[in-house]
Amino acid sequence: MARLILVLNGPNLNLLGTREPAIYGSETLAAIGKRLKAEAKALGLTVDFRQSNHEGELIDWIHAARGRVSGIVANLGGYSHTSVALADALAAVALPVIEVHLSNIFRRESFRHHSHISLVAKGVICGLGGEGYLLALRAMNGLIGGDGQ
Amino acid sequence: MARLILVLNGPNLNLLGTREPAIYGSETLAAIGKRLKAEAKALGLTVDFRQSNHEGELIDWIHAARGRVSGIVANLGGYSHTSVALADALAAVALPVIEVHLSNIFRRESFRHHSHISLVAKGVICGLGGEGYLLALRAMNGLIGGDGQ
Amino acid sequence: MARLILVLNGPNLNLLGTREPAIYGSETLAAIGKRLKAEAKALGLTVDFRQSNHEGELIDWIHAARGRVSGIVANLGGYSHTSVALADALAAVALPVIEVHLSNIFRRESFRHHSHISLVAKGVICGLGGEGYLLALRAMNGLIGGDGQ
Amino acid sequence: MARLILVLNGPNLNLLGTREPAIYGSETLAAIGKRLKAEAKALGLTVDFRQSNHEGELIDWIHAARGRVSGIVANLGGYSHTSVALADALAAVALPVIEVHLSNIFRRESFRHHSHISLVAKGVICGLGGEGYLLALRAMNGLIGGDGQ
Amino acid sequence: MARLILVLNGPNLNLLGTREPAIYGSETLAAIGKRLKAEAKALGLTVDFRQSNHEGELIDWIHAARGRVSGIVANLGGYSHTSVALADALAAVALPVIEVHLSNIFRRESFRHHSHISLVAKGVICGLGGEGYLLALRAMNGLIGGDGQ
Amino acid sequence: MARLILVLNGPNLNLLGTREPAIYGSETLAAIGKRLKAEAKALGLTVDFRQSNHEGELIDWIHAARGRVSGIVANLGGYSHTSVALADALAAVALPVIEVHLSNIFRRESFRHHSHISLVAKGVICGLGGEGYLLALRAMNGLIGGDGQ
Amino acid sequence: MARLILVLNGPNLNLLGTREPAIYGSETLAAIGKRLKAEAKALGLTVDFRQSNHEGELIDWIHAARGRVSGIVANLGGYSHTSVALADALAAVALPVIEVHLSNIFRRESFRHHSHISLVAKGVICGLGGEGYLLALRAMNGLIGGDGQ
Amino acid sequence: MARLILVLNGPNLNLLGTREPAIYGSETLAAIGKRLKAEAKALGLTVDFRQSNHEGELIDWIHAARGRVSGIVANLGGYSHTSVALADALAAVALPVIEVHLSNIFRRESFRHHSHISLVAKGVICGLGGEGYLLALRAMNGLIGGDGQ
Amino acid sequence: MARLILVLNGPNLNLLGTREPAIYGSETLAAIGKRLKAEAKALGLTVDFRQSNHEGELIDWIHAARGRVSGIVANLGGYSHTSVALADALAAVALPVIEVHLSNIFRRESFRHHSHISLVAKGVICGLGGEGYLLALRAMNGLIGGDGQ
Amino acid sequence: MARLILVLNGPNLNLLGTREPAIYGSETLAAIGKRLKAEAKALGLTVDFRQSNHEGELIDWIHAARGRVSGIVANLGGYSHTSVALADALAAVALPVIEVHLSNIFRRESFRHHSHISLVAKGVICGLGGEGYLLALRAMNGLIGGDGQ
Amino acid sequence: MARLILVLNGPNLNLLGTREPAIYGSETLAAIGKRLKAEAKALGLTVDFRQSNHEGELIDWIHAARGRVSGIVANLGGYSHTSVALADALAAVALPVIEVHLSNIFRRESFRHHSHISLVAKGVICGLGGEGYLLALRAMNGLIGGDGQ
Amino acid sequence: MARLILVLNGPNLNLLGTREPAIYGSETLAAIGKRLKAEAKALGLTVDFRQSNHEGELIDWIHAARGRVSGIVANLGGYSHTSVALADALAAVALPVIEVHLSNIFRRESFRHHSHISLVAKGVICGLGGEGYLLALRAMNGLIGGDGQ
């Protein structure tokens, strides 16, 4: 049976494609989700793809993932740089986490260089746009011992 | 037709008038809203005046402003100093923003001296109490080419 | 008539007992609440024991405490280190606050050494596990002039 | 009888309109002064509008304002960021001060983010160009209990 | 047989009650000691209550506690913020330590925000005046498996 | 004709598999190279896989890549954190760069949190072991418009 | 023949006695000058007592002191904390300098804790009000081998 | 009857005259004490002149000064830069304090630029050698309303 | 017709030759000016060589240079490290600037390592004594397309 | 005649062998002293081996060493990191000093990375356990021109 | 006989002319070398013009310069900001050094503002492109007492 | 059979004896090597004594030491302060390392106070000149269980 991967999208990612395309690209979040689900299918995984602007809701979703999902791919947007609570939530559920950022956060403002999420993630992928999600899914498949064909 | 200005009030501003009046004054938020609407009318503008203690809800309201409002006057309270996500939301909708603070944040604790909002705002007005909102509205009118009589 | 104490629990504390027990212990939040209510009864106090992962909801609850509760015992978890808005809310309602942390935050990562809540609290108790809540309640009883038998 | 407001302009502001218009706009200082005097008249105020590149002269002018003017609107340019002496002068005369900057100093080089003047000002207005002076005058009118018609 | 708790008081605490009462309260150290001994008796513990202004003497007392006491309640006053040697002494004897401060050190000068003692203590209680000692004793009783009546 | 990707390995990576396997894993560099060449073949790419402990030699290789390779995948090990010269070399040849680290550098010593290479890279992948190289190759294929079968 | 001591007073000291008397006392600069001249006479010294708000004028006066005065007592007010040029001027003329501050600058804002003048002065006297000038004169008399009555 | 001034000398000052004379001068502590007593006599004061290398003993002496002395002249040597406990002791006894240093601490190593004692002293005199003690005594006489001959 | 170069000398440079010759050399400013004029003649340039200790006067001179001079060689002495206003003036007139320092400022006190002028200058020459002015003139000749003899 | 070397041991070293053996080893201070005396004998030196937990007593011992000992081997434990007074005492007696630490202080907490003693020592030996004392003695023998057989 | 000047070029300078011409200009290193040799001839000097990307080779060349060359003109590129070893090498050979940078390093990234080379150089020239080498050669001629016609 | 110790000397140490003898002494590296080999012989050890100015070569030598040498004595000169790669190499080969510096690096420039090598070394010896190597060898003999007669 296919294993479930939670893909979490944080604040402002719902505007993707229309928001500052020079930084974030012109692909919408829905398009990324669609590509990701196709990739998941090829790998024998299922993806639960969500977005919220509410830190508390994101924490609730992480909590709910315990015992239900095999890993979390997380692009928590601006909360990555400021939220101890979200990082604590990820640590609390003790699932493998791969952090994704669309842009290369190290070439942007200095307050984006630190991510609380990185401290609890297995790995980090940034600067590779929507493709980063697909790479994260492939890596997660390896981490959880999945065997996509 | 009158142009719409979103006036956003962040956490704890609902307690205005009763909360630490030595710092924030004794005028209530409702009273400021009323004064602001009168001023807006004089300038040929309409004001959508809101308050929330929820960061996520404030982000949602900013997103919803796209294509609907001409500018945003924002007093985001304590979130001003900590929220990358709110500043990203304001940058994402690409509307003119004027930041307002009731108190002079530079004469208070050092953690209030930095505002993420200032980095995406056109202008900043602080320390002038409720009057600051009216000045911001008048400035916004100029920025968006409004012509109040 | 028994005086009411609001006991606020912040993000991730709902997972207590199962979350990183080496750090946070194996007692659940419900168990702590039960012990706390027994202690309150012995002191002639009533306890309103709540948990939320939502910063905005926690702020709303603090606002609602004005005129209704005699003091607040607050373990705001990860928000303690990042939320100016929550500290502002506590200052705004002008009630006595005792801050509690289960773990000794000074022996953990450096970003946990600073708490915005400490700046508005009367006292701080940390590192003493669930027992810390009971000590806080006893101290609060003294602060508000309660007279447990 | 109309009350007098001293409007102080610091170094390089005499070049306004021709100096880096992308940052400072194309309106000359004289034009701003003219607009300001019209606004003052409407508010029943008189404006003493001055500019100097000399820190000592600006201090002398501030001293001379005691007992003669009702408030000071101050755009002290580059001295804002470096002059303890000017801030001390403003504190010494104990008049209400509103600080103005044409550009949003928080979006520029980091050495412009701190202003010694802000520490002694009632309020700060920045990023709103020449309009900022008019807003400051209006706010000053309120502070000093003036009553424009 | 009752277990022994060493209660250490550091520099200047001998002046308690007369020293800056706005910060430290008006209860004398002797009064606190008396209350503490009563509490100890109720808990089936014995208290060895001492004060010294000499860092070396405090270290000697800590060393002498090995094999003789079951835990240490320590309010090391100004040495808390500067003494690596005292913290090393506490670590060396490997006894449970609860740190107490009468005032909330986080609301005072920044050099009081860091305590070397916190790094070797099990828990920290501050801001609760003389009551803090009693809470610490009760917590220590739990830590060492004592059984007050 | 297959496009060429330079895969650069910096200091100490020749010891991979035997060096601190708890941090770096037990796969040898040769094994990674072999896996990478297979992946490259599948993507219609050719890989030039090299390792050197000499900063100058790595710079020479980067220079020689101009006009010969389509992109660079770079794991520059300890030089990542200290070498302005290597980052300048990568910027000078103006080829797309993807930076790889086997371990999650953000969970290690603070001097590993900054990479000069990140400032000139398109994207960064870390913490995913040898798999990180394969993800980088796949991402590079997308960046250079390659079309794996 | 009496030796000449230059006593330099910097910005805002002309307002002494009326300026923030809680910090600076109620004695005027003229009164201090008068007391100082009497003291000088008793010591067989002559005093050249000056004040300027102009940094350049203060530098010019220091330059003119070469070959004319035996020592400089300097209270350079706000310029003490910001002026490399004034400290360079004092170093350039190679005369003994005693720095005076009316208030204890170490108990005020942190930007007053550093003085460029201290780096070129023989000694520093602060916090002792107008009396500080007299002490400085007496000390200067010793430094230059003067022999008061 | 003559009022008593406690003159405290901290660590290493017993070596004065032989210790690094290029920094501290060649006058012995005894010689300074002798000069100081003569000056005290002229001012109608009595001096209690002491030295200790023991921080605890210095604290004890400060405590014992309460109700017995009218002011404290304190050169606490190396403890000035590191001892919160000594500064707390001085604050606790609430006597006027004048801090003295033989050398100009601002021209020496950076760790000597900060003194905890300065934060609780009325005034500070440094760099004027043994003469500094005499100036401090004269200033103390003024502070306590003494009337020398 | 020969093009005009403004050579600005800041505070204390009038003392050159007699001021700390170990740092600044024994050549007077007049001698440098003379050498510079000879060099200018050889290059077909004219030099306007000035010195002032007054920051405001230096700013005025820079303003007056607009439309009159082809470039500015500036040794602004101590103001280089502290004056935002002077750097703003140079930026405002938009002329090519070459900064000169007689001494190697990077081998001196740390507060001399930063120059506001460097941020608006085309190039910087330091540590080469009076010769630095001649090198700057030659470089300026190239920048403005002059063609000496 | 054999020359005398003072070997100073600071706070908590009396617990050696039983205190945190994973860090400090299991050899007692007495055992080290015995080994050291044997080594001294072989080198034709005499050793005065002492330990104190009292900073003031350690200072007194250093003072008493003048004219009596030829060099000082100092392991001042926790005082190394905090005591300006002890370093001043060592500088004051102008004897050669070799600093010893049992553990490698650079691999421990950051507050142990700085030693005030290192600033006045000829050399530093750390991380080599009790053997470090013997190496220090041998080095001291060379420094003082001793000639052990 | 002509004196020899070593002109050292560090990493990436071999790409000059093609590497980021907006920053570094379009002149090749060979062209600069050619211009420099012509200038040298005019000054009666000989130039040994070299480039290497290898830090060790640059150090070897500096060592080999002892007793063979009269001075070193050094543009060590990215190594300037990171190499203590290269600065030590220059200090070790005790030859006059003039540091050159093509771009104005103070207007670029903050990590380029510090140069270890500046700490051992006689002078620094930056921002003047290839011309900077020629100016350095002329200045070196003066330093070594050469007499170009 | 004698065990082999690798003694690594980093950049500029080949110039020892002639390079800044006030800092580094007048003994050549060859002389130290000779003394060291004699000492090794006495201890029943063999020494492989090498020097290189090339970071990469030093790394290669460290790698080659695996399985061949019993311990490494390392004086890596200027690379100690800047090279993560060299420290990583030492960690990778998992041999005991003793770090040596000829001078006391804590009394020199602040950039020499930190050594990356110290973080991976067993012990550190500095400030004792060439003798430091011999002490390191003796300590290494103890660490590896050698038994020199």
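Lettered A, B, C, D, E, F, G, H, I, J, K and L in written order, each chain numbered from 1.
To be clear about the criterion, contacts are C-beta pairs under 8 Å (C-beta built on N, C-alpha and C of every residue); 3 or more make two chains touch, one makes a residue touch a chain.
Only a predicted model underlies this, so the values are computations on that prediction, with no experimental measurement involved.
Shared contact partners of chain C and chain D are B.
Chains that touch both chain B and chain K: there are none. The interface at E-H recurs elsewhere; of B-D, D-I or I-K, the pair that shares more than half of its residue-numbered contact pairs is D-I. Centre-to-centre separation between chain E and chain K, using Cα means, comes to 63 Å. In whole angstrom, the spacing between the mean C-alpha positions of chain J and chain K is 47. Counting only residues that touch two or more partner chains, chain I has 54-57, 82, 119. Contacting chain pairs in the structure are A-B, A-C, A-F, B-C, B-D, C-E, D-G, D-I, E-H, E-J, F-K, F-L, G-H, G-I, H-J, I-K, J-L, K-L.
Interface of chain E with chain C (complex): residues 98, 104, 106-107, 113-115, 118-119, 121-128, 131-132, 135, 138-139, 142. Interface of chain L with chain F (complex): residues 54-57, 59-60, 63, 82-89, 91-94, 116, 119.
The touching residues of chain I, counted against chain G in their complex, run 10-12, 14-15, 19-20, 52-57, 77-79, 81-82, 109, 111-112.
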